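See structure below.
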Amino acid sequence: MDVPILSLLVLLPLIGAVLTLFMGGARTKYAKVVAAVFTAAALVLSLYVMFMPSGDLANLTENYTWIESAGIKMSIIFGIDGLSILMVFLTALLMFLVVVFSWNEEDRPNYFHALLLAMEVGLMGVYMAQDYFLFYIMWEVTLIPMFFLISWYGGPRRHYSAIKFFIYTHVASLIMLIGIFGLVFGTSGGDFAFAAVANAGGLSEAMQIFLFGLLFFGFAVKMPVPPFHTWLPDAHVEAPTAGSVLLAGVMLKMGSYGIIRVCLDADIFALAMPVWQPVMIGLGIFAMVYGVYACIAQNDLKKMVAYSSISHMGMVLVGMGCMSEIGIEFAIFQMFAHGLISAALFMVCGLAGHNFGTRDMRLLGGMAGKAPRFALFMMIAFMASLGLPGLMGFIAEFGLLYGLWEYLASVDLMPIILLGLLYMLLTAGYYIWAMQKTLFGKLTDKIDLEHAHDIGNIECVVLAVLAVLIALFGILPGLATDYIMPFVSSIVNAGGLLI
Amino acid sequence: MIGMEFFLVFAAILFAIGLYGILSSKRGLVTLMSIELMLNAANINFITFASYSGNAAGQVFVIMTIAVAAAEVAVGIALMLNAYKINKTTEVDELSTMRW
Amino acid sequence: MADIFNSMIDALSDLLGQGIYVLPEIILMVAAVLSPLLYFITKKGTASAVLTFVLMAVSAVVTCIMMHTVTYGTAFGLFEFDAFSSLMMLLFLAVGGLTVFISQGHVETTKHKGEYYALIAGAVAAMMFVASATNLVAIFVGVEVVSIFSYALVALKKNDPRSSEAAVKYLIIGALSSALTLYGMSMIYGVTGSLDLYGPDGIVAQVSVMAGNWPFIIGCVGMIAGYGFKISAVPFHSWSPDVYEGASTPVSGFLATGSKKMGFAVILKIFLVMFVAMETGVLSEDFQMVFAILAAITMTVGNVVAISQTNIKRMLAYSSIAQAGYILIVLAVMSQYAVVGGLFHMFTHVVMKGGAFVVVAALITAGLGERISDYNGLAKRAPFAAAAMMLFLFSLAGIPPLAGFTSKFILFSGALATPAGGVDLTWLWLVLVAVLNSAISLYYYARVVKAMYVEKPQTEERLPIGRAFTVAIALCVIGVIVLGVYPNVLLDLCSTAADALFALV
Amino acid sequence: MIGFVDYAWLVPLVPALCFVIVGLIGHKTPEKGGYIAIFGALFAFVMSALVAYDYYTSEAYKLGEAVIIGPIEWLNIGGYTVNFGVYIDSLACIMMLFASFISTMIFVYSIGYMGDQGEKKRRYYAEVSLFLTGMLGLAVSSNFLEMFVFWEVMGLCSYLLIGFWSYTHHEGDAASINAASAAKKAFLVTRAGDVCLMAGLFVLLYAFGSMDYATVFANAQQVYAQDPTLVNIGILLMFGGVIGKSAQFPLHDWLPDAMAGPTTVSALIHAATMVKAGVYLVARSYPLFVTSSDAMLFVAAIGGITAIYTASMALNNMNIKRVLAYSTLSQLGYMILALGAGAYLISMGMDMGGETGQTLITLGTMGYAAGILHMINHAFFKALLFLCSGSVIHATGTEDMRKMGGLRKTMPITAYTMLVGSLSIAGIPILSGFWSKDLVLEAAFAPFDNGLGAGSAFCILFILGMITAFMTAFYMFRMWFLTFTGEPRGHCHGESPKTMTVPLMILGVFAAFIGLIVLADFSYFIIQSLAPGLADALAANGLYLGFHDSMHILEEIFTNVWTYVAIVLAVVGIFIAYRMYVKRPYVAEDFDQTKKGFLYRLVANRYYFPQLYNQISWKLGYGVAKGVDIFDRNVIDGTVNGLSNAVVGSGEGLGQAQTGYVRDYAAYVVVGVLVIIAVVLLMVSYGGGF
């Protein structure tokens, strides 16, 4: 390829970030335009990549040596495959939508959009990096914009939440960093490229198990997997809507992405995977059920949705833990689906807080009459999230639960599937209950009804786009699985799967 | 002739005295003297080793040390005077406004 | 190009003979002598400042040329000018240059300008001597000179009682530790009968038979204490917060970045070489463990106590204690790769910690207090300074892609990588401690960032930042970013330096 | 002529398009999209009629094969592919036909009934169109996952339509809240069944490696032979879905609450079509179900219990719609009972083989036909009854029968159409209900008759069925008398508009006579849909798919003493109702539900089932959740914050060491040196390293 498309995907937001950052003072009102332009450009580019014949994806790989000294070698390698492409598309899409969604942001919009774009740089980098050094750098780069998003534009307890988010996830990534050290020096002896490490391989079993643990911890905190999840609800509750959308939509996926990309690489961890499989499955099921119950207890819509992300990412963990073709396929699908659905969910919750003045379900009620558009989108988002057939969530959950069933059958623990069913039932339970308390019944008198208003047109369009995509991929899941299957089968051929 | 141990032990005692002086005395000047003691204890070691092993390097070192010590004390006293000018005291315990 | 340099070097060596290997130091000594003179004549601080700075630059250029033309050699059997020492010299020159550059415009700087610059120049010269010294006498004298000069520098501050107090404390602890050093050296001399470090009958050559020899151990520990004081390793650190707080800010920066690095230079030259030469004798493993424990305690105490600080300079002091802890990992691991990381971290530490001190100095000059709460809303009052400060702090915390991250990355990975290119989990616990510490450090750095960017300022009015400061800050910012993103050049230098160091074995 | 069968996919597709159109631009069209919806339904009906005819005249029908259109690959689950196709056989045809026909009627009726709803109508018509899509899609699905998708779509629509008035209800907030919680209950209770069904699908996919009807049916016997327990589990899990959707005991309780929705919705979804989906699933999976006789006994038992249990609750209810809801429940029980018994017979027959086996199979197919027939009949007369009640409610503005009475004169059409429906459901000869109910009872009696293993159990079920028949007659006429005879007890503004009465009359005719198709080779027609799965399996044991032809059925019925018993019971029931509610003058006490005996209150309170539900869901849901929440905030998050506080605190503590006294600093130095020396010497003397 003459045009370094993948680098452009990273550079465009970077340029945009710098530009918007300096659009202070009188030019402030153009910041959002610039941001929109650059995110749109990235989106178009990612679409272009998406619609390229899948054979050509490999040709896009770019490889520049970066640091080569003192016996270590770091390179800037961007590559893309069936797993990356979905995540890249998701990132580009949500970024654009979020910029449009926060069109009316009044408070220092230039900083706001600069932060968003800076985050896009990191996310794109994470999803395309093929070198551990680069991967880690991009991984950390995502932290700071989120830190500022929360502590500048967040809610009342934003300082606490921002610091907590920052430190907690930083600790995790440092542990992961140690894992990376061990991994790289144990295999390629200083060449940080994914390929080099994978080709070298040859870790002892004990070392594999140990390093897998370190890396898995780093990723699991990001996902997040209980009991390492408590940074998430705080961060979500305090973050501005845009922040929550990106946090749940794409940042959580970094964790699962890392697990699939690194931990499930049979060339490196063939011996460790069976050892950790039960742990992953167990933690995943625990996360599912635990998250669901935590949801039921919440009164704050946003906090409820935050916990629901935890339980949905628990499903992803289960799928990855199955280490079977189907498990990984639908883990990826669920990552993609949850990316879109949770974006819609958090937009809806944010609008509830913004338009009605509160997100507390105890104060809301009968809003469907007052705000029909809101009701419609809330219903779509919730139904999608509780796995209603015809929408994305169902495909993912059916596949994942079946993968779990297959695994359980293989180890003869079938009754445990009941926990999965409980999860599905209770998920429906808290969503339906939340809708009843928020939308239906007696029109509340606990909020300031004069100022409570329905969704504005811009938000409406954004949500509509999301809804259409959710339905589209739900009715034609092949659109996504066509990207996933080649990747999964490549893992299969690498012998990375147990079942 | 006298054994080497004698001088070494003597030097060690001298060193200990100096140390005690630093730890015990409130007065800045006394502290400086104690430091002198410790440095000289080390010097004695050097001389001893030098004379017993018969290579002169140690004695060279001692000369150097004496010079350095002189400079050190000079600066030390200057600083004490400075401190006295500003804080009206040379009691090290009263020079403790900065802490934690 | 190259031949021009060569001819220059040839001419100089005809002129100076062996002296050429101490030429950079000599140039600085000239500066030390001339700057007071110039001050007496012109009564202008600027003049001597310029002179000192120019001569420092000259000496840096000379050093570079000598490095470029690989004119390495020994002067008078005392000073070895090699890749390692030359690199350290450059570092010291950079520190000195930075200090001189900002001192002139700084409000706290004493009115005795001539002496002030002379002292700085002399101290830098002494550091450079130490960096290249191969003999205990030279090392001791050099270190003492630096100490004595710094006592004076600390005291030289405009009308602030704290400076005199700091000076006295510094003096007493410093003198104590030099006494310990001297005593330790005497013991070493006693058992080895030599004061030369290297060479056929030098100390290092005999060290392999020293296992279980307790005078030798006492000697080593004495010297560890002495130079542990310089690098402010716990428990020899307690002077540094007070001194950094009391001294005028450029001097604090000078001490934090300069004399600390000299301490490391000495420790590397003596202990690293010594114990590496000892291969894996029982004794060397024990001392590795000692250094590991020192490192762990140092970084932990530094970071944890830094959390509770309210004065920014004290906080920076504690954070540089912690940084010393990180660098001590090198002494625990004692592998060549780790040394590269250590050297690299010393450089990055200069730009980020030095930069932070420059910012503090600039703000003090602009009339801002030293308390962290004074920094509230700085982003509005001094956007550039605030942004730079944020970069420096995040770099110190090791956030990519800044210099601090890259150096820590190599340093920590050095603790796990074996020379053969495998993994060795011996020091895993140390690395764990280190990463947890850098996570803790993030907490108090982030607090300052929060103060600057999130809190509301008491007043909106802008703070005037002097041009010199702006330039210096900009330089440090560039350094922080470049060393983080493109460290290749410096890394190569560091690895050649490490080779030179290991060649001494 | 073109093969309409190949275009069967249009049947669900067109209503789907209507849903989209109405949803987007419905408010701009007359009646807010009502006519579009009607068009969709009508088209679906015409199309399905053509398809049915086409199939009926096709080769495939004569060979007893299903026509499978497509299938296109929809989803690739790991190694398996899930197809999306259309599966046309007799059962699918019948399902499409009556679903689309009744929908058409009810949509027309809605024009009148919902006329006053204004803006809301758009939502209404959009949702019913979507529902119709689900129903027809379910009918023509070609594999279980596809079926499940439409199954859930219907669940969604049921939720939305029950909650149609869940905000800004014209009767005020209380009604809104009631509607909202009814909707919630309906969704969640059926969801409980659906997750079981989903698990059942897992088992199927795991056992058969596919979810296509064809594959599953073809391999049912041998897979069962390999691993009976697995298949049993699968069948029971799937039946769990049926219990939820068709509101069988113990998941029946959502249906009475569901009456909070508009009456048209109750008629369409909660009487005529959606609740039949469960029955349809059982009928559809017959070739799979017949493998396990034990499971079928369970199925039949659930059906029988539901039938009488729910009928009993209709005896004393004063809400006209509730009465109909309970009767719906009990009729659904009949259907399940018939299908279960039939499957049991077939299964036993296949085990026995030989002559007796053949007879059993023939009886079994009769049970199958009975179940389907009753499903059709019930669809018609229950839709009719609901619409009549809707017309009454429309006129009187209340659902409470105590406020009605004497409406016969004011609204005659409603009264007499409803009478037809009541007679039909009560099982008065030659009306539809009579035939199907009798076949059901015979099927239930057959196992005992042929002295099979579980015969005694079936005997009990048969007796329950008989009693139910009696109860049905009683409560239906109790309702009719209370509503239409005696003195008016409330106001009423006249007969309903044509748009409502015309559908009533049309449905009335069908309700009366649709049952007669049993005399037109219905059995043969319907059991053709068993052939693809069963014919080969039977042939393997030297059996064939026997059936009773119409003459045989007539003779069966009229030579059977139980038939007459049933008729007598029905008449007696009507007579008692007449005595109680017409002969005796109206006495307020009779209707005061508080001053009654324990039994009365037990029944009136639905055996305290709702309370039980609440208790369980509260304890297992919210109780645990609270605990988890507290644990989360205090233990897990507490640990995190605790750690950070510990670090900060230790910072404060260590900071204290920095006393500011230089002599302390010196002391630290000295102590440090001594400690290090000690450590090193120790390590050296104890041979190195830790």
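A, B, C and D are the chain letters, set down in written order, and residue numbers restart from 1 in every chain.
One rule holds for everything that comes next: a contact is a pair of C-beta atoms (placed from the backbone, for glycine too) under 8 Å apart; a residue touches a chain by one contact, two chains touch by 3 or more.
From a predicted model like this one, the values you see are computed outputs, not experimental measurements.
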Could you say which chain's mean Cα position falls nearest to the mean Cα position of the entire protein shown? A
So, what's the distance in Å between the C-alpha centres of subunit B and subunit A? 65
Expressed in whole Å, how far the mean CA point of subunit C lies from that of subunit D is 79
Between subunit A and subunit C, the Cα-mean centres are separated in Å by 43
So how far apart, in whole Å, are subunit B and subunit D when each is placed at the average of its C-alpha atoms? 98
Where subunit D touches two or more other chains, by residue: 644, 655, 658, 660, 662, 666
Touching two or more other chains in subunit A are residues 167
Multi-chain contacts only, two chains or more: what residues does subunit C have there? 168-169, 172, 176, 180, 241-242, 308, 443
Touch relationships between chains, expressed as pairs: A-C, A-D, B-C, B-D, C-D
Mind pulling up the subunit D residues that touch subunit B in the complex? 655-656, 658-663, 666-667, 670
Could you pull out which subunit D residues touch subunit C in their complex? 644, 647-648, 650-652, 654-655, 657-658, 660, 662, 664-666, 668-669, 671-673, 676-677, 679-681, 683-685, 687-690
Show me the residue ranges of subunit C that touch subunit A in the complex, using the header's touch definition. 337, 340, 394, 399-401, 405, 409-410, 412-413, 416-418, 420-423, 425, 428, 431-432, 435-436, 438-439, 442-443, 446-447, 450, 453-454, 486-488, 491-492, 494-495, 498
Note which residues of subunit B are touching subunit C in the complex, please. 11, 15, 18, 22, 28, 31-32, 35, 38-39, 41-43, 45-46, 48-49, 53, 55, 57-58, 60-61, 64-65, 68, 71-72, 75-76, 78-80, 82-83, 85-87, 92, 95-100
Write out the stretch or stretches of subunit A touching subunit C in their complex. 67-72, 133, 136-137, 140-141, 143-144, 147-148, 151-152, 159, 162-163, 166-167, 170-171, 174-175, 177-178, 181-182, 184-186, 189-190, 207
